[in-house]
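What follows is chain A paired twice: with chain B in the first complex and chain C in the second.
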Partner chain A sequence: MKAPAIESVGARSTLAVMKLGTFAVLGGRIVRAAVMRPYRVRRQLDEIFDAGVRSLVIVCLSGATVGASLSLLGYGTLSRFGAEGFLGALVGHALVRELGPVLTGLLVTGRAASAMAAEIASMVQTEQLDGLRMMSIDPIDYVVTPKALAMIFVMPLLYALFVAVALYGAFAVGVDLLGVDGGQFLTSLENALDFGDHVLQGLVKSLVFGVLVGLVAAYRGYTSEPTSVGVSAATTGTVVTASVCILIFNYIITALWGV
Partner chain B sequence: MSSSAVRDLVVGLFVVAGLAAIGYLSVQVGGLNYKGEGGLVLVAHFDDIGGLTGRAPVSVAGVTVGQVKAIQLDDLLRAEVTLDLDPGLELPTDTSVAIRTAGILGDQFLALEPGAEEEFLRSGDEIAYTEDALSLERLIGKFVNNAGLE
Partner chain C sequence: MPGVRLPDGRFRAAGGRANFTDDGGGGAKVAISMSSAEGDEFRVLLDDVRFQQGGHAVFDGLSCGFPRGKITVVLGASGAGKSTLLRMIGGLTRPDSGRVLIAGQDITELSETELFSVRDRLGMLFQGGALLDSLTIFENVALPLREHTRLSDPDIADEVRRRLEAVGLPDVDDLLPGQLSGGMKRRAALARAVVTDPEIVLVDEPFSGLDPVNVRRIENVLVDLNRRLGITLIVTSHHIASTLRMAYRMLFLADGSAIYGLPDDLLKSSDLRVTEFLSAETQETWQPKSPTPPGLRLASRAPRGAA
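Let's turn to the complex of A and B:
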């Protein structure tokens, strides 16, 4: 008896569960490599340089323009009601809780995570990881873990820099260009935002996104096919999966945190 | 300096800048502070607090001297508001507190009006004289009812 439709459903389900299992095992191995000796400090610093410092320019530039355009947008609406004084509160809420973590996550995904997946995938393709194994060096410990940890480490830092620069951009446009009172802008910003409700939420989000992006890129790169198509599939897959995960988890965290 | 030392320096600068940004967001924007429990904590009871919320400012003569720490319902079903004020503040024991609104549409805050007693309130004391929030709807209701009677 043959039922090809049901068979294919079964095969797909098994494959999905297998992939999820591989993902979890890889995550576990990264955690183990992170806490157990040897600690590869030099590798770690190099990866932080690649993922963090090299993302700095794009993150700051994006932050400044996002803050500036948000200020323009908010001013247009608020000034109709004579409520320009609340511009700081509007910009601060939007940036600290939602736009800051999400845009930083997406930017880092596009700039650093894609490169990370491509690098690991091309090392798979050129059998460099096998070479490491032959020298009895665990490639997870030497190659993958420092990259994933760097992603987790730099994400909150880049988030904070993004928001700080964006607030400065919003201030520059709102106060210097549109003529909102500077003191009013800062007062409404500082009164509207609370550490526990807003800033901490942004920090937690960026940390979660860092874990997500780091693990997805590690998984896609490490499990890629050893072909040139495999390298490009790993890169594309990382950007797509990580971006969608960021947006979904953003909603979940916002909903759980309460409004 | 070797190239790896330069790189370490740049990474260090990046981390310090990131931590500084986190600090700025937490302390300056988020209002996180480490005043601890040393502040002057007072309690006041109201029949109606209107739209007063936690972290609302508390002022004396318009100068902010603290904030609302907690709001809860007491045994007599009145609103119990806990105030966290600057530690050095010397308020006479017959000080009164009123819920005011900043402008017509602004947020609500607590205004303290110092009395004339010689003794000062200490942490944990209760402010006896309170004035409820002014409810615009209730005022209009009263006005309409009175107008109807005449």
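Let's turn to the complex of A and C:
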């Protein structure tokens, strides 16, 4: 009874290592395609536009509601101690370093990365990538790399947008609705945030999440089975894997950066 | 059993095998002669190819050759491995063992990057067309020219329109592939496959889903490419009438091996698999379901060379 179980563990471990190897090779090919000619500037801009615009509405809407909720929640707690004036500092800390990059990463994963994986997987299914190969055009270079790089470019931009909209939402609820002094809100926000410790950390996180999400979506789409089940598996797999990666790497970066 | 089987059931090594010699360095063998007993010079040659898929042997020691500058039509039942054969020649599928030689070069040993230089010689029409969904038909056909030539935009536009007109699609430049029917997509894909005038064109089921007028049109495009530019064409098809008009050689795939010969030889074959396949296809294609109207006489088979 034990032998098949051990065999199964061994087979799964080997498969996991092989998948990791394929992931690393694909990552290497994307980096090589990104730095070597031909530079597909037009395609890159199109993909950045697609990935960014696809996520714009959801990022703004989520930012505004998260900021507003955070403001409501923070006000309830701070007002017990008569510390409403620190509402700006509370929401600023939470949004810029933690919630901003993580939520933006998850939103972009659900919106743009899943679409990217589905598109690549569907191109595998309909032999479009094989069609490119037969035209001596490397699909990694023509299709995958511009899409993966687009994720890396748009993630910090969308993170900045998310935080800006969320802070505005928090300000609107805290100041206009709950009656916190606007000057105190902004002063506490400004005093609480340090560029090196907070803003830079948020930007670095969003950049790392962009790399992770781009690579995971590229890997899931590119290595998908050429069937409709393969397309759906690529999409679901992208969302699950990228989301888990974001949460794990968020902890690692926070721990390494220092609280 | 490896080898090429003649229509009479005999096996013949020289019919589709290259003569090999060692390179002298103890390394891989190289082909020095790729010709058949009939004097055909093979541009593409498969030697003792074995390939399994899902535990089933698709090719079990398949050896066959495709003559330079001629049209070879590959026949066989569904699942016989016709599309797999084309994918193997294109380097998209690697055999478990054996060699796939294109102009004497064994492509099974090449890396993905090295394969690109071999594919510069090839064009391929996929069954589903494989046009890029995000590009217009014009952009799809123009893509190989933009990537691999230094033609100016007006020259590319002229060439693309000429090719699209040849396949009977003069007014589809700005449409996306999703806006075309299956048959139109395949015709646009054929225009893309041949736009750079490759040395060898692999054509997977070009006639399926087409009306008779367009079957004839595509057939003419293929024959014209072959005659005018000497392009080697390897075509898989179920369309017997077109096959008989076009084919210089025919290859019938069955049970993991091949039966190879002239179209007439194949028609006269006593091999049960061939006769069964041809009679079923011929009946399906030509036998009228209702009585023939007065004045209309249907031939049992289209004459060869009628194109």
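Heads up, the rule we're going with is that the second predicted complex is superposed on the first by the 257 of 259 C-alpha atoms of A that agree within 3 Å, B and C clash if a C-alpha of one lies under 4 Å from a C-alpha of the other, contacts with A are read in each partner's own complex, and residues count from 1 in each chain.
Simple rule for what comes next: a residue touches a chain if its C-beta (ideal position, glycine included) is under 8 Å from a C-beta of that chain, and two chains touch if they have at least 3 such contacts.
Every value quoted in this text rests on a predicted model; they were computed, and no experiment measured them.
In this overlay on chain A, chain B fits alongside chain C without clashing.
Comparing chain B with chain C, the partner in contact with more residues of chain A is B. In the superposed pair of complexes, A:Glu127 makes contact with chain C only, with no contact to chain B. In the superposition on chain A, A:Ser136 makes contact with chain C only, while chain B stays out of contact range.
Applying the stated contact rule after C-alpha superposition, one finds that A:Asp194 touches chain B and leaves chain C untouched. Rounded to the nearest 10, the superposed model shows the Cα centres of chain B and chain C diverging by 150 degrees about the centre of chain A. When both complexes are overlaid on chain A, the residue A:Val96 reaches chain B alone and has no touch with chain C.
In the superposition on chain A, A:Pro156 makes contact with chain B only, while chain C stays out of contact range. Aligning both complexes on chain A leaves chain B and chain C separated at their closest CA atoms by 13 Å. No residue of chain A is contacted both by chain B in one complex and by chain C in the other. Within the complex formed with chain A, the residues of chain C that make contact are 87, 90-92, 112-113, 115-117, 119-120, 122-124, 126, 128, 130-133, 143-144, 147-148, 189, 192-193.
Of all residues in chain A, those touching chain B in their complex are 42, 45-46, 48-49, 52-53, 56, 92, 96, 154, 156-158, 160-161, 163-164, 167, 189-191, 193-195, 198-200, 202-203. For chain A in complex with chain C, the residues that touch the partner chain are 122-123, 126-128, 130-138.
Residues of chain B touching chain A in their complex: 4, 7-8, 10-11, 14-15, 17-19, 21-22, 24-26, 28-32, 55, 57, 107.
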